[in-house]
Amino acid sequence: MSESKGSLTTNVVRPSGRAFDQLRPVSMVAGFTRHAEGSVLIKAGDTHVLCNASVLEKVPPFLKGKGQGWVTAEYGMLPRSTHTRSDREAARGKQSGRTQEIQRLIGRSLRAVFDLQALGERTLHLDCDVLQADGGTRCASITGAWVAAALAVQTLLDNHILATNPIKDSVTAVSVGMVNGAAVLDLDYIEDSGCDADMNIVMTGAGHFVEVQGTAEGQTFDRKALDALLDLAHGGILQLAEYQQKALGR
Amino acid sequence: MSESKGSLTTNVVRPSGRAFDQLRPVSMVAGFTRHAEGSVLIKAGDTHVLCNASVLEKVPPFLKGKGQGWVTAEYGMLPRSTHTRSDREAARGKQSGRTQEIQRLIGRSLRAVFDLQALGERTLHLDCDVLQADGGTRCASITGAWVAAALAVQTLLDNHILATNPIKDSVTAVSVGMVNGAAVLDLDYIEDSGCDADMNIVMTGAGHFVEVQGTAEGQTFDRKALDALLDLAHGGILQLAEYQQKALGR
Amino acid sequence: MSESKGSLTTNVVRPSGRAFDQLRPVSMVAGFTRHAEGSVLIKAGDTHVLCNASVLEKVPPFLKGKGQGWVTAEYGMLPRSTHTRSDREAARGKQSGRTQEIQRLIGRSLRAVFDLQALGERTLHLDCDVLQADGGTRCASITGAWVAAALAVQTLLDNHILATNPIKDSVTAVSVGMVNGAAVLDLDYIEDSGCDADMNIVMTGAGHFVEVQGTAEGQTFDRKALDALLDLAHGGILQLAEYQQKALGR
Amino acid sequence: MSESKGSLTTNVVRPSGRAFDQLRPVSMVAGFTRHAEGSVLIKAGDTHVLCNASVLEKVPPFLKGKGQGWVTAEYGMLPRSTHTRSDREAARGKQSGRTQEIQRLIGRSLRAVFDLQALGERTLHLDCDVLQADGGTRCASITGAWVAAALAVQTLLDNHILATNPIKDSVTAVSVGMVNGAAVLDLDYIEDSGCDADMNIVMTGAGHFVEVQGTAEGQTFDRKALDALLDLAHGGILQLAEYQQKALGR
Amino acid sequence: MSESKGSLTTNVVRPSGRAFDQLRPVSMVAGFTRHAEGSVLIKAGDTHVLCNASVLEKVPPFLKGKGQGWVTAEYGMLPRSTHTRSDREAARGKQSGRTQEIQRLIGRSLRAVFDLQALGERTLHLDCDVLQADGGTRCASITGAWVAAALAVQTLLDNHILATNPIKDSVTAVSVGMVNGAAVLDLDYIEDSGCDADMNIVMTGAGHFVEVQGTAEGQTFDRKALDALLDLAHGGILQLAEYQQKALGR
Amino acid sequence: MSESKGSLTTNVVRPSGRAFDQLRPVSMVAGFTRHAEGSVLIKAGDTHVLCNASVLEKVPPFLKGKGQGWVTAEYGMLPRSTHTRSDREAARGKQSGRTQEIQRLIGRSLRAVFDLQALGERTLHLDCDVLQADGGTRCASITGAWVAAALAVQTLLDNHILATNPIKDSVTAVSVGMVNGAAVLDLDYIEDSGCDADMNIVMTGAGHFVEVQGTAEGQTFDRKALDALLDLAHGGILQLAEYQQKALGR
């Protein structure tokens, strides 16, 4: 895959020894916890996120009586998921701006592939809790949350609570970034801390964009770099989408 | 300008009667309030944001003694800046996730063009308060905040508090979106509410990206649409950057 | 006007050069924002307050089903409305005691001239946001809020939502104080900071008291001073009430 | 005493059977609790407030190193001090606007008679907790807090921590109001609920005003009524000041 | 009583001069405040707690329509009930973990002797407010709260709101602890601060346990010590239960 | 083991099929996460708790400069660790009373076996996060937290940061309860929901009590039942303590 990317510096040396377009080892353990309607522990290298999908037979107030459902998400990091201990948000009494930004992103990403009418007046609540962090937790959360959601929906279909599948497509996320002038796929914490720019790309199984979020860290980036990053992300998304299908036993 | 964009549907009819690549009327009133070191009221059509820059002779704890400054931002909407009254965040006792997301974006965008060492151990605090909203408030905030920041820095230079200008480039933001299959520039509230996808693009005067944030609303978008939106945004940014220079009397 | 006040020291020298019984220049811009049912930007010298009146088709829980309406107010200062930047209350997570005291005062003052039965089961919500502060913001808020309320009520009358005007009288506020032993009208920030005692007087168009709030700052005051201050306030109220009528086009 | 008041309706019938200018029975128990440097339980009829004065060997941040002290107050009502149970503010997570307004008033009133330089760099913290409420709790709090403060200061003098008394004068508060067109002294809860206007007057032992707070409830009031209320309050203050001296054993 | 306890060191010297199995002087003043349906001021030595029982004609959401009532409690300490002033929880904006732990304990203890069906769909809300603290406030709260509850229930019975008494038994609490190797009854603050282990025991009139809470402070304790403490507590509970009956006039 | 317990009903039928004195299957995975100085995933049947110990080179304010360390704990449940989803405490903005009660218990239990002087001026912070709950989470947290603490201390000893082991003994917790009149060991969720009384017992390796917490749920219990429960708990503690040693590789 590496040769065809034209503008990408293909011989970059990464701290992890990975190729520029190589994902971290991925695993997804379905059914990690037993109470949630859908549960998966997703590991992308040393980033481990527990994604639980709960089916709630109610909708938020603004949707009451509208004959449609809702999909939403919450995100949290265990205090010692990180290299040094972070404050517990429940103890501080509020979620940080970063937490809220991430959980809004997860919710939007999932809703993009859901037919909310077909879901009926119920809520699919995704909880993404980071047990161990090494960069890329928001992308792992989205990728894992979709699997948890699919498992929960399968339960509803199996129990004839739903007649048709409200999930229109898969949704998958990956990070890419410019590190020392080179575009690389799936940044770990070391790369993330020192990169010039990083992007989180969320795409459907059909190859369409759901979210494109690129941020210059220290150094702004031009259109050519942006194009290279988008190409690279697409390749990663394709591989991750296969892992998702495998985790569902398809 | 309209003919050259290839993939863009150039004859879209917009509620406002604007051409697909036409900004709303822009005005920037420097010195709108008198206490702030830099103050500007920016109007983009019916979106009016008061941007005030304050110079504080202190830095956040994590920067103490590091010989560099900080640039940060806060954002708020007056309760009746919107079509229907929104709750006052101070009364509810917390800022919404949306508010925090926006003020983090403004802060990052401004920092991307600042030499924080050159700023010295002080903080430039940008307050962006929406007096009237009609879509695009976060982009107007960034565009206006840069002008307010430049005014405050000018004061520091004039008073010989700073010897060299810590601002490396201008920074400007604009929204673009897909409305009924057509890419359009600078969405107002009606278009924003009904669009398929919208993007906020933040660029420097040199034409580099600082932030690229695209979100599918209801409909995902492909690479071709993304390219069209990026082209369109660039055109809008160039015009807005001229207004910024004019507001500074350059 | 100055000679007739008997006990008042009429030849006091004020920082602003104003006579002891002279208001700051007043202006009221009706329709300053477009979404509110009533909107006015009131300027009393360098104190600028945006007063927006919203009509909400609901009442607080304690009034449900009682066949009457409610009038209430919220007050806020933009962080850089002041000489040095103040914390944003929404970011701190609570409104200060001062803020709550002021907004309770504004609400009480407005309710004193309202026939709540005639308003019907709806709420008139006044938002008073200080864009720039130079003393006397609570008085300017009350004076401006009444105009905003009157504009909103006019809309309800014009649209035949109300058949009779629920506003029984105008209400107007002004500050007075003892500065260096002399009673002066309409204190600005410098005078307010250094005064011995200050009062905020709220009166109706008929010349009755709605609120009388006098506070000794550093020096207590006797009955004679109190009488002088009340006389002086009455004169200021009469002038401000004319500005209110003019702003309503009467 | 009653005949001399001219404009006052002297033959009003009050629910309690009191004369228009008659205080409720007053008692002050010094040393009600043992840990506070000054402690008094003040009873004004069925209104019982425990006032504790604590001496803290520190000042608020804004006074550090300025060689002066501070006097401040906090106010609270026990949940079942009222006719029907009120929410506990600690459980709700915030103090109401009313609570904050009252404790700011108590603090200001006490500071008006204190020489803060003479107090030295320490804080006198007054806690006024209403054990039982029947109207007039803020006035009872001020009157009792002054006694508690005087007791605490006496301890400091006795222990030679202070050489000179920082208390310049006594401070006392009473409520007056217009009930059915008549001015009456020291309103209880029934009168307070139904009055046309009520005032809280805070005066020094020398007969000067510290605070004058009059509010129209349902009906505005004219200058003549205001004058009558001020006269009536003065009479009550004189009597309460005697109780204060007695409680101090003077 | 002292000789029979075998393992107990009966000749311990306590700071207060009390025997190892001697309670502090106890008093209970019924009807201390007048608005509460049941009110008692309980004094155990220098620990004074005001216990008020309120009858609310509603139940918490989770019990709506279930045909049963609820008994719950809140606990608070006045800021200067303690040797040095503590922060006011209402001002800090939250109740401490200790406060919540205690009020949960009081509620559970009371519910253990209540027939919630017999109470009907209403809530008995106990407020335990510590006016003065000298150790053992949670035990005094439980013992006093039961008396307040019994007074409130008596009112309901007298007014024929209840036909049968929902209170099945009395409930009483006392603390015991190991101080310098000796088991002692009813610790005051000095003993509590320096003890090796302390227990709070809640028992019914029938001599059954409702709560047993023992905590090693500095030194763990063995089964023999535990048995001695339980014996000692039982003796104290029996005496306190008599005071409860006396306070109810039985 | 079962026959020897005398007063215990040994032939009780439990939902899980376990004998009355049989623990759930136990496992402890040391090193479950990689950043914490000590990490263990403890499983007691379907109750899974991740216990992470962090070493922080600071102490709380009240211990600064006192030459000793601190051991503290925080506890949380993932929202979908439970049968039905619970609110996320970080989103609600505060920790429940139950959460605070549990984390205080964990902290006290650990401190009981620590020599805080020997720990030096640092904090051992235990985070106990419930990934899956089926009763007994507080006991599993204590038992697991001790293992995590021991692992963290071992790291400090191995790195010569500590010269002597500050851990004086092991600490272990188990629940017991009366279910249908029979004393049973290690209640799962079904038994916990329906029990008459439950106790949490915390003991040291030397067989001494650290905490004894018994609560009547629905039915009070007598001394004989208490004795039976204490016996039963001791047996469970002994077994769990062996698992702890095994997890540490001893």
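Residue numbering begins at 1 within each chain, and the chains themselves are lettered A, B, C, D, E and F in the order written.
The rule is short, and it goes like this: a contact is a pair of C-beta atoms (placed from the backbone, for glycine too) under 8 Å apart; a residue touches a chain by one contact, two chains touch by 3 or more.
Chain identities (UniProt): A, B, C, D, E, F = Ribonuclease PH.
Predicted model, so just to flag it, every value in this text is computed and none were measured.
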Chain B and chain C share contacts with none
The assertion on chain B/chain D checks that the Cα superposition rotation, as a multiple of 5 degrees, is 120
Whole-angstrom distance, CA centroid of chain B to CA centroid of chain F, is 52
Dist(centroid_CA(chain E), centroid_CA(chain F)) in Å evaluates to 27
Distance in whole angstrom between the CA centres of chain A and chain F is 34
Chain centres from averaged Cα atoms put chain C and chain F apart, in whole Å, by 60
Where chain B touches two or more other chains simultaneously, the residues are 93-94
The chain B residues in contact with chain C across the complex are 33-36, 39, 46, 48, 50, 52, 54, 56, 74, 76, 78-85, 88-91, 93-95, 99, 125, 127, 129, 131-133
Touching chain C in the complex, chain D uses residues 94, 97-98, 100-101, 103-104, 108, 112, 197, 199, 204, 206-216, 220-223, 226, 230
